[in-house]
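In the two complexes that follow, chain A is the common piece, with chain B as its partner first and chain C second.
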Partner chain A sequence: MTSTVLKAKGLSKWYDDVIGINSLNIEIATGITGIVGPNGAGKSTIFKLATGMIKPNKGRISVLGEDPWLNGPLMRKIGFCPDYDNLSDYSDGKRFLRYVGSLHGLRDKELDKRVSKTAELVGAEDFLNKDIEKYSKGMRQRLKLAGALIHDPDLLLLDEPLSGADPEARRDLIELIKGLHEEKGHDVLVSSHVLNEIERMTSSIALIYKGRVIASGDIAEIRELMDEHPQHIVLEGKNKKGLVKELIEMEQVLSITFEEGRKRIVIEVEKADVFFNVIPSLIKNTGAEIFEMYSMDDNLQAVFDYLVGGKR
Partner chain B sequence: MGIDPIEYTVWKDKKTPFRKRFLVISEKIFRKKLRSKAIWILLVIGYFLVHVFTISSAPFYPPEELTKELILYGEGTLTGEPYLKGGLFFIFTILLVSVVSSDIMSQDIRENSFVLYFSRPLRTVDYISGKIFGGLSIMSLYCAIPPILVGISVIATQTGDNYLGSLQILGLTIVAGIFTSFLYLPYAVLLSSLTERKAYSGIGTFMTFFVLTIVSELFTTFDPNWKLIGPENLLHFSYDVIYGIGLPEDVNLGLYIIAMIALIILPLMALYIRIRRKEVEG
Partner chain C sequence: MKEKESAQDVVFMMYSLIKETTRKAIINKRFLLVLLVMLFLAGVMGYAATQEPKGIEEGSTFLDILVISFFLPLITMIFGSSFIRDEIDDKSISFLLISPLGKGKIFFGYYISLVIVSIIAMLLVVSSGTLAYFSVVGYSSGVSETYIYYGILAILGSIVYGSLFIIVSILLERSIYFGLFYVFIWEGFVGSLPGRVKQVSIRHYLRSIGNELIEYGSIAYYRDASGLNTSIITLTLITIVLLVTGAIIFRENEFP
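Let's look at the complex of A and B:
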């Protein structure tokens, strides 16, 4: 197997006058890699290009060393889980898996064995024979994942596999995806618009924004990049007067804003990692009672705002 | 969640990626259509009105042997009504093809199921073949199997001893049956690939064939070659070719070939381009 599972150079795809992917350059190594970007960033277009479903207008893409366009045999090595489901044509999960397995050439006992193995792998064995219309979103996601795994592919392409799933299902799916690489050796390319979810699966990410890769590499590096920019930290609680005094003295604190009748304070800080190291002892020493602390910028849009600066 | 080892690894380049894969799609369509009430209603009424009397007449009214006249015009049967060249046979054929093909591709467009197929080791040709063969398998329940049963029942009860001649006609009937099952499918499936709504596809198919039949009838008085735009006439002329009768003298062979290309080859080409474009559109 190659050490690069996906490589794109100058890759562009547009739909009439709408740009899906814009001169995208990316090299994705083996392991789990997260493609992170807001809705409409071009994540699904990358997956469609990688599965040969659409043809690039410019540039090149290779998956497992091969051009995916009109390359049916390559699909034997790829398992694709799209971001939407098309399960309505099947009465139960087993029928869906049997059909998908048949499309890969599995027959008879071989097919039965793979269906039950894959269902077991994704934790779908309990509801496999149930009416598909009664499936929850999490069940549907598991079934789709099973459909992508049925032929035991080398590379899994998972487009928003956690979308719509409840927190418990998300946790299970994240563990499953991690296990698919760590225990099964599948390489996984997974997309999400939620950075935290990807962070729980892998440290290797690529940030996509408006059809371009704006940052890629280890998530810690992305975090470092974020730390170079001011972040907004929210503190909610009581007895914060002493704490606020101390915060004002801190070099990293740029401003403090009171909200909701002083119940909530928003602190603009630079070098957030230093701030987070210091804040627990400050809270303890000043006797403040903090119920909740979170970063307003710990969402993807804020990251993109930082990374693209004023170019948006 | 427990992760169990996958004991079985499928692909090591020992299996061909494409061969016979289209049959999986055909089988699914066949099974699905057999669960359709509309299909069953058409099959039951069509069998009753078109086939049952012809099939069951042989034991009561044994002919000397199986002839093309019996199969095409019902000569020597209990009813004496035209069989494969009968108007009812044609009407039920276009009704059935309209219903069978209505959602054969429109559903994939509506639900974007193309991803299901084209992220697998399938080619566009496999996908189209699968859909067409699926439709053909259902069509053959009405267009091919009953005439074959007629042939078998006649041979089983025939009074003459020319079994070889009867078997030859039976062979030609098999060809005619499969041809009838296929003839209108390319156009019908093409219409299904152009819309998300099966009603548009089904009604569009039926109306196209119906209107062409009417137009053909109207203009034939001016020039006999207008017969060639009528789908019923094309079917009947094709029977004449299959059974070795030859085209009627007033019909131009070149125009007949062009009409057949327009009914079969052009829709298939358009369908191929349509599906490829649909893939590109994503």
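Let's look at the complex of A and C:
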């Protein structure tokens, strides 16, 4: 068995004047790998190229050692959950799964067995007999995932599988995706524009930006880059006077800005991990009432802006 | 190394595709149109049966004009122009594209479904008109044969028109406009011009076959009819060329 599940060399794909992927080079090993990038970075284009739905304009892509374009037999080894809703409303969940399974050659008892096993795996047993048109977004996501898993593929390609799911469903799906590799042995390539979500599934990531891989490897290294880069932390709440005094004294705090009539403060910090370790006790000791705390920079765009800052 | 699917697997997968696609087309709201056409035809032919002149000649002429020349291309166009296009637009085609079937077989699967749906629709339409007319006029010898032959023409027409409209649906996003142009201008207008010009329409060859089979009505007196063999060979060639071209186009198509 190959240790590389996907390999691209000089891969380019453009749609008229719009570049989807630009001379992309990537080699993805077995296990779970996260493809992370903001919307429009080219994540979905990689998945479409990997499933042979589109063909490259330049370069090569191989999946499990084979060219996916016009390669029907390869699709037996691949399960794909796209980022768009491709479920037809003219069916119920069970019929849909039976149909997708039969398209992969499953039949009779084997098909029945896989339908119930897959439905159980994704937590879709309770609504499997309901009409798809009555499904919530989370249910639809689960069913799509079941459709990708029905034929027990070696490699799962999951494009934004958490999009539209509520927080509880997200947590369940993250655990499920982790389990698909750890317990069921599937290799998984999963995309998201939310770094934290990918971080909860895997430590192996590739950052995609404007159709290129700008960084890949262990997520800790990417995080380190973020920590070296000053972050802006927002605090919202009451009785913050004492807290602000303490913050000014902190070595990691570079500046403090008051916004919305002092209700909201924006703190510029370096080494955010140290700051996050200290802040809970500071809040407690100063008696501040903080309703919300978040990092303005804890999103991919900030990381990308930082990583490609010098190149643009 | 690519592992080939066994022939039995391919047949089973094709069967699944055809069954599901046909089911979806029949429960789609678009199929209500067939019921409307049935009602319309039953109404028109039922009323005509109460007026003079009436008889098997007039009944056959109604089926020739209304069914073969008008509703057959129209209904096949309505189903054909949307058959693959709807699934491309709502992206539900992706489940097929990532199956081991391969695009060529997927295309033929869709085509077979379209032909099945069109045949069901057209047989219902032919039956409603025939029943409405002859239940008023009364059955005479030749009615059953005429009904069966119009049914055969409807089946042949579904096969040929289906191969045309399915290719249109993968080539054009708004294939219905081309379909309307083709049905009304090409088949309707060119197909009724005098002389050899009409030979470039599918309707001409269908009516030519009808001319050989049916003994009553306008189709029996179709003066410009081509021979039976010529018509069958021409329609077969048209269908094969369109299907092979369609399969090649679909195979090379990208689905972003």
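Methods note: the second predicted complex is superposed on the first by the 277 of 312 C-alpha atoms of A that agree within 3 Å, B and C clash if a C-alpha of one lies under 4 Å from a C-alpha of the other, contacts with A are read in each partner's own complex, and residues count from 1 in each chain.
Heads up, the rule we're going with is that contacts are C-beta pairs under 8 Å (C-beta built on N, C-alpha and C of every residue); 3 or more make two chains touch, one makes a residue touch a chain.
Small disclaimer: the values here were computed from a predicted structure and weren't measured.
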Clash or fit (per the criteria above) of chain B with chain C on chain A: clash
Partner contacting more residues of chain A (chain B vs chain C): B
Which superposed partner A:Lys48 touches (first chain B, second chain C, both, neither): both
Touched partner set for A:Glu66, first chain B, second chain C, both or neither: second
Partner chain(s) touched by A:Lys113 [first = chain B, second = chain C, both, neither]: first
Partner chain(s) touched by A:Phe80 [first = chain B, second = chain C, both, neither]: both
Chain B versus chain C as contact partner of A:Gly105, first or second or both or neither: both
Contacts of A:Phe258 with chain B and chain C, given as first, second, both or neither: neither
Partner chain(s) touched by A:Ser88 [first = chain B, second = chain C, both, neither]: both
Of the stretches 1-9, 163-171 or 217-225 belonging to chain B, the one that collides with chain C: 217-225
Chain B and chain C footprints on chain A, overlapping residues: 15, 48, 51-55, 70, 72-73, 75-76, 78, 80, 82, 84, 86, 88, 99-100, 102-105
Contacting residues of chain A [partner chain B, same complex]: 15, 45, 48, 51-55, 70, 72-73, 75-78, 80, 82, 84, 86, 88-89, 99-100, 102-106, 110, 113-114, 117-118, 120-121, 123, 151-152, 172, 175-176, 179-180, 183-184
Residues of chain A that touch chain C when the two form their complex: 15, 48, 51-55, 66, 70-76, 78, 80, 82, 84-88, 90-91, 99-100, 102-105, 107, 147
Chain A-touching residues of chain C, taken from the complex the two chains share: 2-5, 9, 12-13, 16-17, 20, 23-24, 27-28, 87, 90-103, 251, 254-256
Partner chain A, residues of chain B touching it in the complex: 1-11, 15, 17-18, 21, 24-25, 27-28, 32, 107, 111-123, 279-282
